[in-house]
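Next come two complexes built around chain A: one with chain B, the other with chain C.
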Partner chain A sequence: MKIVQRSLKCLAIAILMFLPTSIFAFNAGEDGGQVSGKQEVEAYIVHHLKDSHDFNLFSYTDDSGERQHFGVALPVILWSSEGLVTFMSSEFHHDDNGHVIVEKDGLKFTKIHSKIYELEKGATAVSFDADHHATNASKVLDFSITKSVVGILLIGLLMLFWFSRLAKQYKKKQIPTGFGRILEPLVLYVRDEIARPNIGEKHYRKFTGYLLTVFFFIWILNLAGLTPLGFNVTGQLAVTACLAIFTLIIYTVSGNKDYWMHILWMPGVPIFVKPILAVIELVGAFIIKPFSLLVRLFANISAGHIVLMSLIAIMFTLKESLGVVGATSLSFVLSFFLLLIELLVAFLQAYIFTMLSALFIGMAVAEHDHEHEEHAHEISSDVEDVRGDFI
Partner chain B sequence: MEPVTYNLIGAGLIVIGAGIGLGQIGGKAMEGIARQPEAAGKIQTAMIIVAALLEGLAFGALFLGK
Partner chain C sequence: METLLNDFSPGLFVVSTILMLALIALMVKFAWKPILTSLNEREEGIQGALDAAEKAKREMANLQADNQKLLQEARLERETMLKEARELKSKMIADAEAQAQSQANKMISQAQEAIESEKKAAMAELKSHVAGLSLEIAEKVVRNELSNKDKQVKLIEDMLGEATLN
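Take a look at the complex of A and B:
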């Protein structure tokens, strides 16, 4: 009976995961109908990987040769040399090369490669040097609601809705309904398989909240990245770095006496090795651990998006040699199977991030048995007993 | 040769190394599970952690070499 229940749960998750797959494959066929050259495909992929100031769903070239964009403009919030400036991103008219200049409160702004620049006083157009860097414009502090921010807010609100609903149902002693039925086994999984064994029975409760939040945040945003909305939030270095810094702060703040002892003055080694080990441990705790967390998530998700979009681009790049039907069906089959792998990767990366966070926190709060020197003899004899059983 | 080509050779070497490492981890884990099927869950968890650490190293190298 339990197997039937579990397989039903798996089936529900699988169906939910298939939905975006089919929509994505369908939409990709319509998206960017005029993309043809290799450079154009590359530019499209690079543009997708970056954050953008407007929420563009698709664009096409109409009969009169004009580029038509379909999407939503987002607010641009800047802290310029004269204070706060806000306007809508539609005022840039989808220009990304510094041609369109927006004038607001006597200041001039332009957008070059997804970055907003403020022009110097008196300048009317951007001038570039040999390396295509703007010479008469400087970067401004950009607090805009960009596409990634929209994604984070959207997923945050959805999570708030789902989990508060789930909590309410538990308060009324109901069985969870709807999407809560998918969330419940995952919540239990994170608590019982990730938090409890890695952090330890005594402390795990305090950190389960953070681990659950991080797990669902990454997982749902990874899945959102596979929908035709085209979010690439967990593939932004800033987002993954921020998540890694959260973990860094948590395990640094909650580290106990033994943890700092093991970092700064490792017990049980010769005295001249201790300073060397302290340097290694400090670099490991403050640089390597968070760096490995942030690079892994960023690189996995970006690589997945690049490969996926390259496979979708097959239908344009191989159109001449394979014909429209051949290129489209090849690209459909390849991208379909890659999407299945990406669904696995979306879960796996959320799992690994949570798992390693739990492991690092567990290292920081682990309580060491101080009498282990006296008991060392007993333990080693225990080990021999166990070995004896095997041999 | 142009510097870009060297980059690509380096990336290839990284991928070969990571591939050998992942193969070792996966193979040994399979062996372990075959010997002791009841410990499959624990072996799998440990395998994923080690694979993740290796992957972090490989991605770090690719990232720095870019």
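Take a look at the complex of A and C:
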């Protein structure tokens, strides 16, 4: 009975934590109005998937018919044609269509679909071509503290806080207490189930720090993406690319002689096959592996967000055919179950990213102490099989 | 693909790279290193304790085996001692018996010898006594017989008669 009670309690907490997403998610339309039509829902989802320059929690229309936004403005830091320019994102007044022009240091900036453009000299308004591309403005390098950056900072600080506290606990006692008791088995899990078996007993220590950081970073950010705060950090290509390139650099730098031999001059195959294999292996090592890492994480998390938001949008899109109560309850039931799946996916993607990183590093540092000529073919086929299973 | 590339933000890439590098460095320094070191130490401690317990158990078993062996040896020794004592006892008894036997035999034979000699002496004495007595009796009988003539004749006749018969 106690278990049932407890699981009910957990379920209730989960509902309370995650379902308000539906309340916040659709309040602010792209043009600042309410979202109701299918087109608007679609546009809103696309907007959500992108990074945002302010941290908007919710918006509402007040009695006088004006949109009120509730959230935090974030600093915009740009590297423009004339150097560094900074201002607060509130100067855009929540416009995302290039209507509001911000003038700073004699330069004009505007925001179109979460990207900041610098207007050409003399232009006063953005003009668009048929495909809705700006014709008289160009993108600038944008180092702003965007919502994703805030997410990275927050989660990074949270991780530092949690795990440095856990580290401190070990100074006084052998077994951690409180929250550390939850963190310790996770750390052990990453070390014993991901790092150690994939990299090997001899080398795993060097890479465990990176793998642990990446695992918790991705997992916690995935989970943060399911909260009403609406982060979509691991669904940003730039972030997943950054993580994948870290893994690429690590296994390229720590690759041993055997690894490079297997890439550049595969032993145990006829000489005329070797250059072809070298090309394939080089493409595999430098493009396919990191690309599979970055796209898998990005696509899974984006897909999760799209489906979850679409299910929440049932509330609006099916309101006419099912009635308010019917559409709302259908939306709640479906999005609740999808949310449970997404909780699993959040862990799974963190696990797969870390696991594949460990596997790639393990391939690079593996030591073949047996004769190459006899077993080389076997090994390469094994490696291909393993890779085939995961890519 | 174009949308994907358009969505890719180089600025965010640079910022997240810097932040991730910082995060990895800080986490490794302040969290993972001390945590993993402590975990390793703890595991080694546990392993050490287990090994020590195993060793103590083995030593205990050895000790017990030694004790058992000692006990066994002591038991064997006792057994042999008892056996020896028993043998000694029976040997002593047998010796004593044999000695007693021979002593007895000796005494018996001495006694027999004594008896024999006594008997011989007695016989000799008896013989001489009987001879004396016979002589006396014969003297008295002869004297009595010879006192009467008739009787003398008759004796001679009897004797003669006997002699003829012989």
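Here is the rule we use: the second predicted complex is superposed on the first by the 334 of 391 C-alpha atoms of A that agree within 3 Å, B and C clash if a C-alpha of one lies under 4 Å from a C-alpha of the other, contacts with A are read in each partner's own complex, and residues count from 1 in each chain.
Here is the rule we go by: a residue touches a chain if its C-beta (ideal position, glycine included) is under 8 Å from a C-beta of that chain, and two chains touch if they have at least 3 such contacts.
Quantities reported herein were computed from a predicted structural model and do not represent experimental measurements.
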Partner chain(s) touched by A:L212 [first = chain B, second = chain C, both, neither]: second
First (chain B), second (chain C), both or neither touched by A:R296: first
Which superposed partner A:D142 touches (first chain B, second chain C, both, neither): second
Chain B versus chain C as contact partner of A:L154, first or second or both or neither: neither
Which superposed partner A:R191 touches (first chain B, second chain C, both, neither): second
Larger contact residue set on chain A - chain B or chain C: C
Partner chain(s) touched by A:L359 [first = chain B, second = chain C, both, neither]: first
First, second, both or neither for A:I182, with chain B first and chain C second: neither
Sites on chain B touched by chain A in the complex: 45, 48-49, 52-53, 55-57, 59-60, 62-63
In the complex with chain A, residue positions of chain C that touch it: 4, 6-17, 19-20, 22-24, 26-28, 30-36, 38-39, 42, 45
Chain C-touching residues of chain A, taken from the complex the two chains share: 49-51, 79, 115, 141-146, 148-149, 152-153, 156, 159-160, 163-164, 166-168, 170-171, 174, 184, 187-188, 191, 205, 208-210, 212-213, 217, 236-239, 241-243, 245-246
Residues of chain A defined as touching chain B within the complex: 193, 291-293, 295-296, 299-300, 348, 351-352, 355-356, 359
